[in-house]
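Written out below as structure tokens is the structure these notes cover.
Each chain gets a letter, A, B, C and D, in the order it is written, and its residues are counted from 1.
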Amino acid sequence: MVGGGQGAFIGAVHRKAMALDGQYELVAGALSSTPEKARVSGRELGLSEDRNHGDWQALLADELRRPRSERIDVVSIVAPNHIHFPVAQAFVEAGFHVVCDKPLVHTGAQAAELVAAVGRQGTVFGVTYNYTGYPLVRQAREMIRRGELGTIRKIVVEYNQGWLATKLEAEGNKQALWRSDPAQSGGAGALGDIGSHAENLVSTVTGLKLESLCADLTSFVPGRALDDDASMLLRFEGGARGVLVASQVNTGLENALRLRVSGTLGSLEWRQEEPNRLLHSPLDGPPRVLSRGAPWLHEAAQRATRIPPGHPEGFIEAFANVYLGVAAAIRARAKGVAPDPLEADYPDVEAGARGVRFIETVLESARSSAKWTRLAG
Amino acid sequence: MVGGGQGAFIGAVHRKAMALDGQYELVAGALSSTPEKARVSGRELGLSEDRNHGDWQALLADELRRPRSERIDVVSIVAPNHIHFPVAQAFVEAGFHVVCDKPLVHTGAQAAELVAAVGRQGTVFGVTYNYTGYPLVRQAREMIRRGELGTIRKIVVEYNQGWLATKLEAEGNKQALWRSDPAQSGGAGALGDIGSHAENLVSTVTGLKLESLCADLTSFVPGRALDDDASMLLRFEGGARGVLVASQVNTGLENALRLRVSGTLGSLEWRQEEPNRLLHSPLDGPPRVLSRGAPWLHEAAQRATRIPPGHPEGFIEAFANVYLGVAAAIRARAKGVAPDPLEADYPDVEAGARGVRFIETVLESARSSAKWTRLAG
Amino acid sequence: MVGGGQGAFIGAVHRKAMALDGQYELVAGALSSTPEKARVSGRELGLSEDRNHGDWQALLADELRRPRSERIDVVSIVAPNHIHFPVAQAFVEAGFHVVCDKPLVHTGAQAAELVAAVGRQGTVFGVTYNYTGYPLVRQAREMIRRGELGTIRKIVVEYNQGWLATKLEAEGNKQALWRSDPAQSGGAGALGDIGSHAENLVSTVTGLKLESLCADLTSFVPGRALDDDASMLLRFEGGARGVLVASQVNTGLENALRLRVSGTLGSLEWRQEEPNRLLHSPLDGPPRVLSRGAPWLHEAAQRATRIPPGHPEGFIEAFANVYLGVAAAIRARAKGVAPDPLEADYPDVEAGARGVRFIETVLESARSSAKWTRLAG
Amino acid sequence: MVGGGQGAFIGAVHRKAMALDGQYELVAGALSSTPEKARVSGRELGLSEDRNHGDWQALLADELRRPRSERIDVVSIVAPNHIHFPVAQAFVEAGFHVVCDKPLVHTGAQAAELVAAVGRQGTVFGVTYNYTGYPLVRQAREMIRRGELGTIRKIVVEYNQGWLATKLEAEGNKQALWRSDPAQSGGAGALGDIGSHAENLVSTVTGLKLESLCADLTSFVPGRALDDDASMLLRFEGGARGVLVASQVNTGLENALRLRVSGTLGSLEWRQEEPNRLLHSPLDGPPRVLSRGAPWLHEAAQRATRIPPGHPEGFIEAFANVYLGVAAAIRARAKGVAPDPLEADYPDVEAGARGVRFIETVLESARSSAKWTRLAG
């Protein structure tokens, strides 16, 4: 693991997600950009001294020194965004599998390089767009794939938080600090932090390709360098239209990620804060409440489920599903067989690159006086 | 009453709204554009023969023939949109008070004429933007007026229906027919029918002035002349941003009008389908569920309430509140006193005109390749 | 109308319910037990002086003096409970139709007398168990009648309020005063006021006959003479079991009337505070959200509906449905035809008598140390 | 671990709960009552051969053979109910800490023996009443402890499931089989399986002592030996009253465990299927939605929380909190210090024994014709 030491929220989540199903063991790390802190964090987590490193370069060098059978299988990159590219690139080029937090990298050019490297190496590369790990998100994706909603017409996705409604970064909050620092976060604030999750959710669930968009970015909190609020209109190939909202100044809201997809035959609504329910409103009958684990769900949703319906699963379980997908892909690769798509179900480096292009396009649109900005690629 | 005869949905709603509080009596009408049908409808509703007219011109002429003390106080115009302007103008110019359905008229020029006429005559003119009659919408408006949300930053309003997801107008549905006919509805479909309600809700609740917008209108159902789906970005004077969505092809949805307003001190969320609750999320405490009739609501909400909390009020009661507001204004005028603003609380001709300008601007933006189109006035 | 003058909550509700559909006109009354107050109330409501009486005896005498064609069709009794019996009996015996508030009377003997009198006169007699007027309650009843839930096994009904959590009657609150006074309310407090609604809801929806019950009544607020909290186990003929809870000391709750019925093929859940939704959970599929007005509802529910789905109806509309049912029965009787059961749908004097027997049995059980007390009849 | 091999639902849950926070490692087991199956299960879970036993006696003997430093710290008993007593007793007497599933044992006498043994040995003994591990259940408990609800008056708890609405045990369903077999489950069906959870939830949250109860047990599914439905009235020391419902034939319901507690100053409502919200309705203000992780929660709730508000935690996390509590108690004991009550927060052997007495009393009441049956002790 690279990053995720003391004080890092997301590192602990990754570790719990890895632990949940007993398929991962944390054996080596460079857990902070501050060598001292990295080592203290590693000790707390029970890393042996010889695999507890002060920086990621040392970690990589040490792993490469070891015989293949003793090396880590996969590195998990949970450091702030600006570190993703060099670390990911180095580990991919050295032949390691990678799990990397999102957004993948800062520029489309970096993303393209990474996609190419993964292609050359044939390694597994997962990006923790964790929300698509929820079983009912997979149910939604499968229903749309099978045409149960007909032709998709309209998509509204919102991810609203309130925690940055005040200038938290001025009070020394670590999470707020790096997120509002262009050097660490890239040019996008709320857009990169949560807007990219919304993009991934839409792209994953609908399978539609975004064609062009029209964005309005705002920094509401005085003195904040990056956007804390984003709204945009979306046009998809094939004619579907959409709206995406991402805001971190929606006072009082927590993680209000909500998706509504409407097609000619029905619509779906899902909310992250009550993830064990999916509302399906068909054209010709009453809305149906689909609950996680119910026997009438598609196999893709059932596979992502651990416990019976009515016993809620949550964020960590969804996160763990991404790790399970990566593990299945690694095992298949080790055996030299094609992975079972129902098992090896995770957001890959292409999804990560698509997210980076999305952010770049939004930033371009926000600066433009033209209504529509097309997505490259 | 003009319009609202057999087969008209909204006429019956107006009559129930008028009846509820015993402040209106229906005594005269021209209830359809087809004279025969107008008279049959009038008989069914118990109009006396001499006040049951075949067209509105006859109604107006007959009323003017009568001595002042026997005339109607107010005319309610519930005919399709294209009839609004001539009828409203004629009755206003003749000195009658008017309640008119929305959208008020087809063009900003007509709206301006009507505003001017009402100004000259000093009559009362209400527009049945009925959703702002809900007690908790008035609570929201009052909370914002008093600064309880701080400075407003972000507004998201959606009005989604599904009933036009198929080509209902091809099956002879009367409601669908006139709404999808540009001659009767003007240039706006879903935009005029429900988008204008969303605009009125935002303007009423926040008191903010819309500065510019960027709209995307779509006709999803093949062969439909007018938009059945609208999405737009909003910018308000003073810096608030917003999103407005209005769609009639959201399969399976009924009248999903939802408003979320977020300010520096808190946010509010209200949904029309559960109108007796308003969720208030303050910056520094848990969300509070405000229910209609609760003693801690503001007077403006209490006045709009008939029965104790926990016994739901609905659409008709909210509609009736518009009529109560108009009645209070008429009574005040009759007495020659200033109306109590808590009683004479209704959307006026200015609100109607603002709605017309909004529609015109959206249509202009939808045709434009520029990102932002400014609102006139 | 007898009772329902100034300060009476329920009188105004009855009047709005009557007005809503234009089938009733209030022409005569004795609106309070205080003659002076009765007349002031009548004047406010626009009664003509000769039909605005100081007591109900005068009202009855005056009506009988008038020729049949000028008499009232029906009297609405909305006075406190202890007045119900003499007034109802007198008007029934004089051949008038009656609408009476619940609980019908104080004793089973009085109820039996009233049932017999109505039988002899052949008049229409409605009891305003208003909650069964909600369209989705009628949908539930119809689904069970048609066997869509299979054999009913378990019923849980709760009616919880919080407004009597403190000793409001000591503060002069009129509603609290008469409800907590045995002389006016009979021997039952919360039991009679809201527990009887719960009984009616269960009996109406399931059609099951209550066989025996086991009750625990409590007066939580010190110094209160009557129960403010009731819990009981229920056994129905045929083997179904149930629980009924009625409490007026559930701090913070408003009118939380909730019904859940479970059978071999499915279950239903309905909540009065969100009356436009009925949740139907079938044995072999996902829960279905049935909304008022949706085309897949049964005719019995459709007839009770005024406006399209998604535009909420509420308490007054449900109340008005009882009045509509009574009006349909009166019209049928006037025409000498059998009433259409879908129109003449209202709780009758038998339902009222059943409610009185229920209250008597609960009071008996509460005093008994035996587990089960059987219902008479 | 004893029990929990292939096909056992709850064993996997225990293991995920143990793994989540990295404080437990599974090193030895006797995972089934069938030796063959035990060993296959152990191999699948990666137990070393010498610690993978065919029966629990072998496991215990083997552990005792090992030097203290190599022994397991704690044994987790997840076998069917009838195994609990001998295994628990043997391990306690041998000085091991124990985590045991609920209900603890079959008789009050067994429970008393176990309590005495734990007392003698001074070991840690946790019972996995997992629902009280939810952070907001701990918040509720803490609010009541601090008097924020005033004096508790009324408690309604329901645990409704639908999975046994048909005779699943006749179809070979393993979960249904042992639960409906008196030899394995004891004399209680739904009562023991889920009614005991409801009892624990009430006792834990309110701290009230149950004084007497009046129960009605039913077996609705023909041919089922044990109750599948239970309803009862409750009386608590100090005057509070309550209702407890537990049913496994509530068609279509999943794990609908719901608690409502009402006191003189406010009431609380919590539902297991949406465990991240607690509704607090104070006497003199609007209901407050308390969400897991919010800064205004009490420390007892905060300690039970892993991730920020709005990212849902679920069943496994709550289960894991019981294991964390046990681990904290074990660590404190190892250090010879008093455990921090905020850390060592878990249902202990006394709670387990109380649950057994509750079940015995309910069974006695169900057979009795007297209204009230007192709880022993």
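As a working rule, a contact is a pair of C-beta atoms (placed from the backbone, for glycine too) under 8 Å apart; a residue touches a chain by one contact, two chains touch by 3 or more.
Since we're looking at a predicted model, the values are computed, not measured.
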item	value
Chain labels contacting chain C and also chain D	A, B
Pair of chains joined by more contacts [C-beta pairs], B-D or A-B	A-B
Mean-CA-position distance for chain D and chain B (Å)	55
Whole-Å separation of chain centres (CA-atom averages), chain A against chain D	35
Rounded Å distance, chain A centre to chain B centre (Cα mean)	42
Junction residues of chain D, two or more chains touched	253, 287, 291
Sites on chain D touched by chain B in the complex	279-280, 285-291, 294, 296
Chain C contact footprint on chain D (complex, rising order)	149, 153-154, 156, 158, 160, 162, 165-166, 214, 216, 218, 220, 229, 231-233, 235, 239, 241-243, 245, 247, 249-253, 260, 262-267, 281-283, 287, 368-372
Interface residues, chain C side, partner chain B - complex	9, 12-13, 15-16, 19-22, 46, 161, 253-256, 272-276, 291, 306-317
